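See below for the structure under consideration.
Chain nomenclature is as follows: A, B, C and D, assigned in order of appearance, with residue numbering initiated at 1 for each chain independently.
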């Protein structure tokens, strides 16, 4: 296959980020072209504009929660993109320094604020008094340290092992993470087109505005899922932005829109919410099939519809 | 039109019952053949067996509640019948006696137990100490009194004005009813066939078994209506009959199965209930159109389904 | 103990009814005074007026459903009575005749309409063509046949074995019942006073008017039970009586008002329903303890209230 | 009053932040001692440790959503703090530069990432191509620019007008905000003690873990509010942190825990959620009283409880 025909991936760069690691986990041994973007918005823009076929961006972290810029950009962009896959990767950092630096010399540590939040306990124990120098990404901190050395304004970067290696830094500590089970979930985004085939273990991502700012409205929305036996694996509130107290909800449903119960829930949602955006149906990373409740299998919907059709034509 | 081609109606007889009055109100000036049945089961059997085209039978009374034999026979018969119309008539009785009888001579009063229940207060005031002699119908009491006279075993019948007139009895009192607003609702039943056209002001009658004997099961069933904005104008519990605590529910929904929201609710019900029987969609007697909530008009369902169809084919 | 001090029971008579059998099952070997009433209303009036301490009346039947006169009289009487116990008895009839009558001579059968409904299948098979002569009770049919013989106007009575024996009739058939599992539930009613002690296996009987005639109102009412984990073992709709479509609900809750979850549900019901009547907390006949869901034990309520009390006094 | 007795406030510093402006709006003309903290965690620690009486910290922004560090620190600290007040301030920035800098010289702009997110559109239009240099706060960016001048590594700061003034910078543009209605809500936090008195227009802040990761669990939780007529003005999901898909919810309820309906909802929540933290009842900044639904006024709860008490003592 020629280089021109290879799938083109962009990702939240620079090189060496956890996002690049997620991309590698997703494509496996497939040969692809990769090109980092400077931020999530740029990565998604590259796909929208046709400069990339796919973008890999972080979606949520088990400690820090949703990545707002990803949620908000996917939910509100005028030309919709869709999620076609997900990757979940464990998160643990290395404390990367210029070769020769010792632990007691580390007073200023640069990293992305989310990474900092996930290492605060470790820093308190091992680097008591160290201060945080925010960076736009963990890899950017590593790159800057490698590039500028003592002029970087900090002594160490908390970054991925891949970053430390790529930028020629030394790992003074590995496996740094306050929560050893911390994971980050990344999504693979493309322009709309044929949906990934249902696998029996899929997710559907949606964003819906609530009809009004009553608590009852959220209950009503959730009942659209409950009556069709559709479970949610993620639900996150986001401000609509025009005033406090008005929310949209970003959700992952267990199932594929090609399945009856998911389609029925979406139909219900479309009726009761002023705005709904479909953001993709795609295979789950963990391949775990949902527990489908009695009365909510595809066959149950098909049989029920056929029954009502017979009634409507007078065959009771 | 020859006599052979006239629509054949049977009804809960004998002649002169409130049911016959309801039949007359329903057919209006149409020329039909009528033939009383001895009880509700026989009337419905006559339609099932083809000896009548339609049966008119009582369904519920605003004071006494549902007429169990009608509900149960329609709900459980192996060959289903469907309701094609309804009639609501005010209920007030006359105290019918043999000509010459005076009020102070009335010690024993025959009538149907439901009628007795609706006149108890009046009897207590006007005929203190009078006892009830149960009859199979109000008209049967009148007929027996006219037929047997003093040998009937009672002195008066509480029946319809039509009965008193038809059996040559004298009305010692008219408009007898503890509740002046009491009404009885009758239904017109036929064999299955093309449904009555939707009029915009229709009812749909159903019977559904609950999935189990938990209170939550009733809640789940009602939510199938709530999420589609379908209101109920009647809900009555009936024992399933195999043990205490197991219920089916007989319900009237506001709307016609040809309407989207009603069809959607029926589809949901079919999925969650072990047994559902459709018993007809037909015009309301009062011609009052239901209040259709935002998001539950036919157009909302059509638009939502089209949206999901587009999603499924990759056109977000 | 002198005769004057014995507990005085009345019941739906005449002697020999299933109700008398229920009374005997309830009092066991206790020595009591019994006195039949002519109907349910009279039995309850006797208690209200102090002429009896307890009344035993039928409440519901597994085939025919609720006994409306009992439900309505208990629910609407200006001076409330309370249920202090229940009895469930299997229902099977005997076909009682004057000695010497043979099966092929039986053309007219008298019994209470509810009994008739429960033997219709048997009658169709064994006494094809036999007609029903309604009686105010099964025992009344037996008594009249014994009293008037051929002049009674019917040839046989469907009644309890006790009735046949007491009135000197011969049982041409025994165990007559279309449904071999049919049972009737009777309640023991007294004037208000100290409630029966909670046993861990109790019922609470209530009647509540719905706030309006929306289906949503029933859902709201049921949610008051659901959020406290209170299950219903009986729910029956009754018309409020002022117009079609307005219902009250008569319910049995699993549990005793002395239990926290039941008390909490009643408090909720009192807030949302325009009218609620408490009709008793009493031991279940079957002694089956309810399944109490996590978070709804008495200790959970006590702990939660204590927590809120601490909060209110500033001790977080 | 001596300096020693003045209330001591800390806030998210450095001087000149929007948080300091909020503090000033909250205390009005009251004379207080103020001392900035370097971050939210330190500000809350200062109160916990007794070095300050109150901390003012940002809670949520109408565009960016909840401030996770505030939500998480308040929700999870072993020694609880409580919110005793709130302040809502409009958010608009100035583009602050060293005196003499012109707009076309601005290529690198420093500010807090949340501020950057709220000015992205403006930057795109007015400073096309400008890049973001993240800072720990808007005021820190201003302070660094004033302190280091050309050595700061950026040309301008997006900060509050107060910051620009305090640090002697020049505002090249004012009222910078993509959304002119953007507001930030700050909370005033203290150690537990007597709650602020109910004013009739209060909020109660809570955090609750869901019992399990089913969508139904969220529905169940919301029903605890719905059945008591308690509305939510804020609901935000936060990961519990041990795995993806497990959430806690941070919520503001309309009402004060001293009010019956709020207390009842909290009691219900305590029963169904594995963990609930009360984080304060305090006056709303906007002084808008909630709409209290029928059946949910204090008097309704009091009357309902009294009714159940009477029942329990046998007075029906």
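In this text, contacts are C-beta pairs under 8 Å (C-beta built on N, C-alpha and C of every residue); 3 or more make two chains touch, one makes a residue touch a chain.
Given the structure is predicted, the values throughout are model-derived calculations rather than measurements.
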| query | Looking at where subunit B touches subunit C, is over half of the residue numbers used by both copies, so same, or under half, so different? | reply | same
| How many Å are there between the centre of subunit B and the centre of subunit C, using C-alpha atoms for each centre? | 26
| task | For subunit A and subunit C, let me know how many angstrom lie between their CA-based centres, rounded off. | result | 60
| query | In subunit A, which residues are in touch with two or more of the other chains? | reply | 223, 226
| field | Every chain pair in contact, whichever chains are involved | value | A-B, A-D, B-C, C-D
| message | For a test of understanding, state which residues of subunit B touch subunit A in their complex under the given definition. | response | 80, 82, 192-195, 220, 223-224, 226-227, 257-258, 263, 266-268, 270-272, 278, 295-296, 300-301, 303-305, 307-308, 311-316
| task | Please name which positions on subunit B make contact with subunit C in the complex. | result | 60-65, 68-69, 88, 113, 117, 132, 134-136, 153, 179, 181-183, 185, 213-216, 218-219, 222-223, 225-226, 230-239, 241-245, 247
